[in-house]
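Accompanying notes for the structure given below.
Note that the chains are named A, B, C and D in the order they appear, and that numbering of residues resets to 1 at the start of each chain.
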Amino acid sequence: MSASRKIAFIGLGIMGSPMAANLVKAGHHVTGYNLQQPAIDALVAAGGHGATSIAEAVADAEVVITMVPADPHVLQVVLGEGGVLENVKAGTLVIDMSSITPQTSIKVAAAAKEKGVRTLDAPVSGGEAGAVEAVLSIMVGGDDAADFAEAKPIFDALGTTVVHVGPAGAGQTVKAANQLIVAVNIQVLAEAVVFLENAGVDLAAALDVLGGGLAGSTVLNRKKGNMLNREFAPGFRIDLHHKDMGIVTDAARAVGAALPVGAVVAQLVASARANGDGSLDHSALLRGVERLSGRTVA
Amino acid sequence: MSASRKIAFIGLGIMGSPMAANLVKAGHHVTGYNLQQPAIDALVAAGGHGATSIAEAVADAEVVITMVPADPHVLQVVLGEGGVLENVKAGTLVIDMSSITPQTSIKVAAAAKEKGVRTLDAPVSGGEAGAVEAVLSIMVGGDDAADFAEAKPIFDALGTTVVHVGPAGAGQTVKAANQLIVAVNIQVLAEAVVFLENAGVDLAAALDVLGGGLAGSTVLNRKKGNMLNREFAPGFRIDLHHKDMGIVTDAARAVGAALPVGAVVAQLVASARANGDGSLDHSALLRGVERLSGRTVA
Amino acid sequence: MSASRKIAFIGLGIMGSPMAANLVKAGHHVTGYNLQQPAIDALVAAGGHGATSIAEAVADAEVVITMVPADPHVLQVVLGEGGVLENVKAGTLVIDMSSITPQTSIKVAAAAKEKGVRTLDAPVSGGEAGAVEAVLSIMVGGDDAADFAEAKPIFDALGTTVVHVGPAGAGQTVKAANQLIVAVNIQVLAEAVVFLENAGVDLAAALDVLGGGLAGSTVLNRKKGNMLNREFAPGFRIDLHHKDMGIVTDAARAVGAALPVGAVVAQLVASARANGDGSLDHSALLRGVERLSGRTVA
Amino acid sequence: MSASRKIAFIGLGIMGSPMAANLVKAGHHVTGYNLQQPAIDALVAAGGHGATSIAEAVADAEVVITMVPADPHVLQVVLGEGGVLENVKAGTLVIDMSSITPQTSIKVAAAAKEKGVRTLDAPVSGGEAGAVEAVLSIMVGGDDAADFAEAKPIFDALGTTVVHVGPAGAGQTVKAANQLIVAVNIQVLAEAVVFLENAGVDLAAALDVLGGGLAGSTVLNRKKGNMLNREFAPGFRIDLHHKDMGIVTDAARAVGAALPVGAVVAQLVASARANGDGSLDHSALLRGVERLSGRTVA
């Protein structure tokens, strides 16, 4: 068992709450801060501690974890007035586990470095269930391998696949690639579904045999039920995937990588959102293929 | 153990030879015919029988299996002069395991029906290794469930996933969908690889963590080695996948199913071929993304 | 004025009827044949002659013109039983002005050559109005420049732009390229229209200024009215453009030319058709962009 | 003739210099400012006046025109320290003729409004030649029609097509649409060229006949020479068009407009740049289609 650490946890939302609770379970001293009080109360009930400000939460922390919705929140929470960098001691390790752009992670890392603060970007994959069950995949960027080594026991309390993938921003880059692959794998599965149905094939049987061969994928396994039953409760919302497709197309543009298929799928995700499907699970890309194929979509 | 059947096997190529041998092992009486004699000799050496014509091969057969390269070969072997339909008894079950267009399978089925001959289309997935090890996925189309039931023990000697997916042509339709999904999954993996490399990420580490989450796929597992090492010995050749993308785009067009992403990938597969990569493994779609991204490709 | 020729005209439809009449006006001896009698009667009323069979129509002809809907009709009318090749004298010049695949034109040319019959493929652009007013563009393929020279005075009675673009099939190839460019130019105009409207711009003013610069095109000039008024009476029907996109994607595939954008637009044309817009003018591709953008399309 | 106005002109580059000179010719009192002195000297030699700072240039101006490369320059020149807004009198009309994002134009307009300064965004199309010959197309956005009316005589000294297209930002939106249409029209022309060449057609003849029909466009007229001769000296550089494709895809995303084809072409423009063609004319998109089609590109 790893040594207990003093951890400040900023952002106790759907993902952050169970993650903070898992850190408590693993024996860490966790002080949480959140804009809404009930999430703090829940952490305290689970054995953690509460703070009334970021300043208070991070005052004694050895490690700070942030888990917030998007780039502006990270900028405000970490770099903003009353934020993490203003209040931590030099040498603290700040781990941002939000899913944001690589550029923002790099900007945060540079600003922290100037104050002698160490950083990792460590976005996760696996959703709420993965957070609750502590089976997240965690892709970690950071300039110093020693920082990753120090954080590894903490990550191990949160997930099962934990990999240091490169320098600052690299975690976000891999997360972006993850979202790219997932969106495209869903889209082509949707195209296959409409094709198979239009051709009069037994879809359930077809998906079984497809899943057993080279066409098999985690997307097919996990989303075929949604597609067969036209049941699109999220899961992962199209609105969020739309944000992520913006991140990956911008990031790829910045490094000169061609995304001929990714760019088309980004349009189709945007189209799904424009058609009112933003709050459905991303498997609802099927509805877009149905619309293109002239079907009436309920 | 199932009853021994009298089987004629037409087409003893890279796939057909090990399949015929597996039928012999399973206790069937197999008579092979092939344009080149050595493949017939090999079947005889494995305990089968040889014939000098299709007529001779199918004369006493209860079941005829054909395994040939493309639509014209099926049309000639089954419908042509001296072909299967001219020479089999009424009631024989003719199983075409070639990968061809659904339309041709439907045409063959109709012509056979006129002569009182029963048919199944049963293309396979799994490649040469799958044929040798008898672990193929077999997607079966046929109008009569009883025909599938009769053929099931024979298929079980060849593969591990055997599914009746619909009426005549449906097997080919599912195979087409399989090839669609595989090509797109490879293409987006290639886009992700170039993006990750350009962004300075540790690619091997990134692919490990990607494989563990929702972005995971059989394509990622089996092809990441090719991509990491730029090692593109086939495997499944781009030339063949180009043929298959033609089948699926035509078939989708015929049934009014939209393939916005499939159509783009069909162009990229064609482009790979035009760039001289036709005899490489389909994972060499990576080379096309590299070209689009301005890299020099050896 | 050019010398009067004995011309057989097969196919007196929406295009063929006014074309045949224009040839009469130009002083030629025109004998028409059509499946429906009224069109023949109209030609006779206009000063032409009627025939009750292809055989009778072409018996004394120096030049035969065919103008029929699609490949199968050309194959039947020219190569079929009782068709043109069976009934013309050696040396006759057979000009097919239908819009079909280059491959079929090449096949017809080869079959004709075996019988000593000369051919040109000469599809047209300009629609019914262009046919009536004799201002068609005519793109001519043929292996022998002398044949084109001989036909030139005839073409000049039908159109204003008449160009010999290459060997047999080349006329059809250029027609295919024409349809490719037109479809894509319409599609991008439609994307611009929805973008401009969503952004709150005065669309009519914007199209005026766009038309005056490098973004100007014949498509913009002729179709902006359709788009501004959502008035999509044909004009040129999406169903026909769908057929043509099939021709150009197949032809490009056959010669190894990449159509990354053309392939996407082919899908969007197919989608328009699948959504019930097949009988609208091709400017109705706008409706597809509106659907993708989440608008309700009446 | 219109009344003489006191105009400050900020940004005397390739476009700004001839535009400022044309305003002098039209009888206006023009004071120029530029980072490099020689351009100021040239304006003085042409009958204008020079300033050593933005503050000095705009001190007495009734109208301020800015013509700079990109968003950051506009933000700095207009909103920055020592910039236009700090130094103009309330009521001044500030016209930004740069090509930037609609969002930045809206931001500038809002900031100006707070200080009682009026603004127009008025990007141009027509290139250096259009600027020199005063035949630019000018697409003007602005909330107040009276501001456009006041500026109209000034615009008329610079261009021949001058249209008020909507509120603040609308000029930039139309410019973005212009660049979208131009890029796609070039791309499909390039696809047609490679297709026609591969098919063995006489390209020059084919482009002639295509230009005469519905496929005709200003792009075809002006760029066919570049394509026929593989002569790609700019003209308008791919690097700049790459910037513009970023603007239009972002702007369309912001207003929920689908760009399925525009997004693909944005990738192809980026690919051209990644392949080292950034300083060539945008007609060099042809080289990308050639690469995709397996040709060696010099």
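Observations
The rule is short, and it goes like this: a contact is a pair of C-beta atoms (placed from the backbone, for glycine too) under 8 Å apart; a residue touches a chain by one contact, two chains touch by 3 or more.
Listed by chain with UniProt protein names: A, B, C, D = 2-hydroxy-3-oxopropionate reductase.
Predicted model only: the values in this text are computed from it and were never measured.
Set against one another, C-D and A-C show the most C-beta pairs in contact at C-D. Among the other chains, the CA centroid farthest from that of subunit B is the one of D.
With centres defined as mean CA coordinates, subunit C is found 53 Å away from subunit A.
Annotation: 39 Å between the Cα-based centres of subunit B and subunit C. Between subunit C and subunit D, the centres computed from C-alpha atoms are 38 Å apart. Shown for subunit B are the residues in touch with two or more other chains, namely 256, 258-260, 264, 267-268, 271, 273-274, 292-294. If you check the complex, the residues on subunit B that touch subunit D are 260, 264, 267, 271, 273-276, 288, 291-294. Residues 102, 125-126, 137-139, 160-161, 163-167, 169-170, 173-174, 176-178, 180-182, 184-185, 187-189, 191-192, 194-196, 198-202, 205-206, 208-210, 212-220, 222, 248, 251-252, 255-262, 264-265, 268, 289, 292-294 of subunit D are the ones that touch subunit C when the two sit in their complex.
Against subunit B, in their complex, subunit C makes its touches with residues 246, 249, 253, 256, 258-260, 263-264, 266-268, 270-271, 273-274.
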